[in-house]
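Presented sequentially are two complexes of chain A, the first with chain B as partner and the second with chain C.
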Partner chain A sequence: MKLKRNTILTFIALLVIVVLLFFAEKSLNPYYRRILNLCAIYSIFSVTFNLIFGYTGQFSLGHAGFAAIGAYVAALLTLSPAQKAVNFFLKPIISPLANVELPFLLALIVGGLITAILSMLIAWPALRLHGDYLAIATLGFSEIIRSLMVNMQSLTNGALGLKGIPGYTNLFWSWGCLAVCVFIIKRLVDSSYGRAISAVRDDEVAAEALGVNLFKHKMMAFGVSSFFVGVAGGLMANLISTIDPKVFLFTLTYQIVGVTVMGGMGSLTGSVISASLYTIFLEALRPLESQFTIGSLTVPGIPGMRMVIFSVLLLLVILFSRKGLMGNNEFSWDGLFRLFNRLRSKKGDGSTGGDEA
Partner chain B sequence: MLFKRILNVGFALIMISAVLLGCSPAAEEPGEIEEIQEVVIGVYEPMTGAQAAGGVQTMQGVDLAYAQKDEVLGVPVRMVLVDNRGDKAESATAMTRLIEQENAIAVVGSYGSSNSMAGGEVSEAAGVPVMGCSPTNPLVTEGKEYYFRACFIDPFQGRVMAKYATEQGIEKVAIIQNISQDYSVGLAAFFKQSWIDLTGSEEGIVSETSYQDGDQDFTAQLSDIGDAQAIFAPGYYGDAALLMKQAREMGFTGLFMGTDAWEAPELVDIAGDAAEGAVFSSHYSAEAATTPASAPFVEAFQAEYGEAPSAMAALGYDAYMLVIDAIERAGSFDRDDIRDAMAATENFEGVTGYITINETGDAVKDAVVLEVRDGAFKYLSTVSP
Partner chain C sequence: MTFDSFFQNLANGISLGSLYALIAIGYTMVYGILRLINFAHGDLVMLGSYFAFYGVSMFFLPWWAAFIFAVGVTAGVGVVMEKVAYRPLREFPRINLFTAAVAVSFLLENLAIVIFGGRPKAFSRPPFMDKMLNIGSITFVSYTPIIIAVSLVLFVGLILIINHTKAGTAMRALSKDIETTGLMGVNTNKTIMFAFLLGSCLAAVGGILWAIKFPQINPLMGVMPGLKAFVAAVLGGIGNVGGAMIGGLLLGIVEIMLVAFFPSLSGYRDAFSFAILILLLLFRPTGIMGEVQPEKV
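Let's look at the complex of A and B:
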């Protein structure tokens, strides 16, 4: 009975979201659409990082490099041959790639797969390391990927970057990919593999003693995570329609780490909420940078002001909610009802449960 | 615990209300019937982040131009500056914001070709004319109907330096490029192309080596240069200064040649005596006033900021004035009319020279060659296209 109510609610919510997306895509102005698209892309980055760090406990800092692979593969596969000729004006592109043009879905999948394969190749030696050492190794690999992209001019056009990538990414693509990503990762985390993964995070020795194959589970988490990072990279390339290796500097990884920690390690809901808030806030705080008036006080525009405010907000989150916005709770209908009930009875005994509307 | 909950919820509410507030001032559509109160000219520049120095310099010029000319066709201009943080995704968003939220009829920017390329895709789709101030990568205006620029492009700069080198009787040259900068890679390629065109063979180029962002040690590249009489190093001033120092220490006595990215006082600060005699091409020199507009500009700039204008500032000034000029010639605030007027710009009297926009949307204008002499940048010669 109860399960049924939740299923119906989920179904209705999904329907509402699809309808909302439809209207947003149809009638929202491009500025808001772009922000919503970026929300979804950053959400995928954050959710996938959560799988590696929050659930598996492997502190990998390779996200920017993996996103770069996905972005370049998707970009090279969707660019028209004519655009490629324009782009590669210094050194021609290697021959088989020059005339390839794939549909977007295929390009995204190929991008994701290549990212997954390459990242697992990297993870193979790197996952023998733990903690900070793994972080340093993956950060290094991520920079190596970027450096290779700068130097392989006939494949990536080097530092000149690619432009004129068709803008296929729309709200259905980005939010659709996010939905698939969250669904698969949620199912994975809830499965027996997920339990094993959490065991690896909590205590590797104990997990191994219980017969969990550490290497296999870590690799799996890495592979699934990188696949979606690659897809998100592809979405990003086709959204901003021009990429170069500098888009994927390690600062991108830090952004992702920050967003994920803010949302709560081990909470997919938290990742999505915090990634969306991050993206929206960067734009919503813009008016702070131009001249504005409060009463009789005129505040001159100071560029960079929104970053200051943003940092203060981040600090507040860290101070008052140390485990991130959501801790390790997920959104659930039961949690929502509990919250309502609690608010109604005004008891506020602070019992557990997913909240945050 | 309860306190914490309340704080959490309160915080979430603040966040949501801030988002709503930020979204609320909806862009007003310019009505046909009602009088136009103001026109918006958007500017997107990297005011924070790694490229902030260039963005801030450019804005000095744009601000000065705006202060001198805040009215067009009798309608007040409102200039809106949006920071793009030197980031591609953010540049695209910034451009969308200028067009959709601020309803800009034309846009100026941006420092950094990669930012301009991201913004250009958006403005092209929306049909908004943009005047670039200093993005020199040829790809910026390539295939774009609505993107123009006030500066010359890298191929021309490469040719200027190749021409200068051959005129000085240099027969052997080494190229050292920064492979992680699109700007540097492009210039090195164009310099080589022009060199081959001018001398008829590739023989004069003794070596072509690369370094990366952040490299401090150039001895490996320098040990490859053999008997070159000159080094062409189209990188940023920081790299160039270190390179010159190390080359002199290694006994190189020839000529250093560079491009507009060398024009920063830090070049001399870091390189010291090693920089003496180095030459580079640039957009403009305060010494060689090329048009009647130059001298008053330099004066006004001195009065405002207490320093000589940099090339970026001069280009920012020109870019803004070019937009105003295009609107005046178009006689309307229609974006397409302004675009057509921009494309038809001919012999515009800019402070960096007479500017004509060619069929690809690039400015055709003179370049100057500067020399480091007694720790300062001295004007050497002017090269016409």
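Let's look at the complex of A and C:
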């Protein structure tokens, strides 16, 4: 009975979201659409970081590099041969790639797969390291990838980047990918694999003693996580339609870590909420950095102010709520109803809301 | 390569390496005590050079006074950073501490953009550092030996402080076990603050010397030296001050020599240092001088 109610509610909610996305895609102006697209892309980044760190406990700082691989693969596969010829004027692109043009879905999947394979190749030796050493090694790999992208002129067009990537990404693609990503990761962490990777996070020695194959489970988490990072990178390339290696500096990884911690380690809901809030918030503050007028007063824009406010907020969230916005709780209908009931029965009782799993 | 240009490159490598080492010491001291990768440390390097720049160009201080002023203010920033952002989080999960460091780093960089402006500024060297020196047939600019000498003096001073003063002993004790050290009557807060103070001073000196060597400063200039110094700290064995010096020197020399011997690979310079780091981590995970910690069950 109760299960049925929740299923119906989920179905209705999904329908509402699809309808909303449909109208957003139809009637919103490109600027707002772009922000909503970015919300989904950053959510994927954050959710995947949560899988690798929040659930599996492997402190990997390779996200920016992995996203770069996905972005470049998807971009190179979707660029038309004519555009490629325009882009690669310093050095021609290596031959088989010059004439390849794939449909978007295929490009995304290939991008994800190549990212997953490369990241697992990296993880294979690196996962012998623990904690901070793993973090440093993956950060190093991420920078090496970026450095290769600057230098491999005939494959990536080097520091010039790629321009004129077709803007296939729309709200259905981005939110659809996010939905698939969240669904798969949620199913994964709720399965026996999920129990095993949580065990790895909490105590590797104990998990191993209980028969969990550490290497296999870490690799799996790494592979799944970086597959979706690659897909998100591809979405990003086809959203902003120009990419260059500077987009994927390790500061991108730091932002993802900050957003995920703000949302709550071990809460996919928290990751999505936090990433969306972050994206919207940064855009909402954009006027601060361009010239604006109050009455007859013209205030010059203050570049850098947005990130100042963001970092202060990030610091405040960490200082005053050690578990982030959602802790390790997920959104659920039962939790929502409990919250409503609680709010109704004890209004002003000082109860501390929040959804419970 | 001729003998002379080899020595020229070697001197260049040592001076770059001493800068890495100066910055790496701050990383390693903080990591040794708090197990925190303080990513904001690189930004103290930037602050140091900016304060020196403004000391000269705005307050018209003589260069030596401006440098002392810059070191003092940067040390102040470092201490405030510890007190406001890191101290309250000491008992929290380590990811929170790490994220706080990321937040502080973003904050410092963007505050610098807001206050100092995003455009690069030209740092003017004190006149005596611009002279060409000839020793035999080897030519180098006079700041190269000055950087090496200043770093050497600071290294020796720091080792004396760590090994032969009460505060230094307390710091070494803290890096073994914070709680027990506190129970034995050491004021942990003060000692950690002292570690940050020392680290920030060295970062500021590193920043000023960096600006003398590469006389163009911008708000993000601390990021790459910071990351490299961090690599150096890990190379040497993070948590180990002597290791940080060796790691820094090694990294500087290797980087310069790579570019000198294989000019075609110069684009891969950054990738190369990370590759060294990863190789070392795989074969000797605790770095050159680090202690191997047994796995506890």
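By definition in this document, the second predicted complex is superposed on the first by the 332 of 357 C-alpha atoms of A that agree within 3 Å, B and C clash if a C-alpha of one lies under 4 Å from a C-alpha of the other, contacts with A are read in each partner's own complex, and residues count from 1 in each chain.
Methods note: a residue touches a chain if its C-beta (ideal position, glycine included) is under 8 Å from a C-beta of that chain, and two chains touch if they have at least 3 such contacts.
All values derive from a computational prediction rather than experimental measurement.
J.: In the overlay, answer first, second, both or neither for which of chain B and chain C A:132 touches.
T.: second
J.: In the superposed arrangement, which partner chain does A:211 touch: chain B (first), chain C (second), both, or neither?
T.: neither
J.: If you count the residues of chain A that each partner touches, which comes out higher, chain B or chain C?
T.: In the superposed model, B touches more residues of chain A.
J.: Give one of first, second, both or neither to describe whether A:301 is in contact with chain B, with chain C, with both, or with none.
T.: Once the two structures are laid over each other on A, A:301 reaches chain B alone.
J.: On the A-aligned overlay, A:147 touches which partner chain: chain B = first, chain C = second, or both, or neither?
T.: So A:147 meets both chain B and chain C here.
J.: So, does A:311 touch the first partner chain B, the second partner chain C, both, or neither?
T.: Only chain C is touched by A:311; chain B is not.
J.: In the superposed arrangement, does A:163 touch chain B (first), chain C (second), both or neither?
T.: In the superposed model, A:163 contacts chain B only, not chain C.
J.: So, does A:96 touch the first partner chain B, the second partner chain C, both, or neither?
T.: neither
J.: Pick one for A:254: touches chain B only (first), chain C only (second), both, or neither.
T.: In the superposed model, A:254 contacts chain C only, not chain B.
J.: Find the residues of chain A that appear in the contact set with chain B and again in the contact set with chain C.
T.: Common interface on chain A, chain B vs chain C: 147, 150-151, 303-304, 307.
J.: For the complex, which residues does chain A have touching chain B?
T.: Interface residues on the chain A side: 29-32, 34-35, 38, 86-87, 89-90, 147, 150-151, 153, 158-161, 163-164, 167, 236, 239-247, 277, 280-287, 289-290, 301, 303-304, 307, 313, 316-317, 320-321, 325, 348-350, 356-357.
J.: In their complex, what parts of chain C are in touch with chain A?
T.: Residues 31, 35, 37, 39, 85, 88-89, 92-93, 95-96, 98-100, 102-107, 109-114, 118, 219, 223, 227, 230-231, 234, 238, 267-268, 270-271, 274-275, 277-278, 281-282, 285, 295, 297.
J.: Where on chain A is chain C touching in the complex?
T.: Chain A residues touching chain C: 53, 59, 125-126, 128-129, 132-133, 135-137, 140-141, 143-144, 147-148, 150-151, 205, 250-251, 254, 257-258, 261, 265, 302-308, 310-312, 314-315, 318-319, 322.
J.: Touching residues of chain B toward chain A in the complex: what are they?
T.: 1-2, 4-5, 7-9, 11-12, 15, 18-19, 21-23, 25, 27, 47-48, 80-83, 87-90, 92-93, 96-97, 99-101, 114, 117-118, 121-122, 125-126, 137-139, 142-143, 179-182, 184-186, 189, 210, 212
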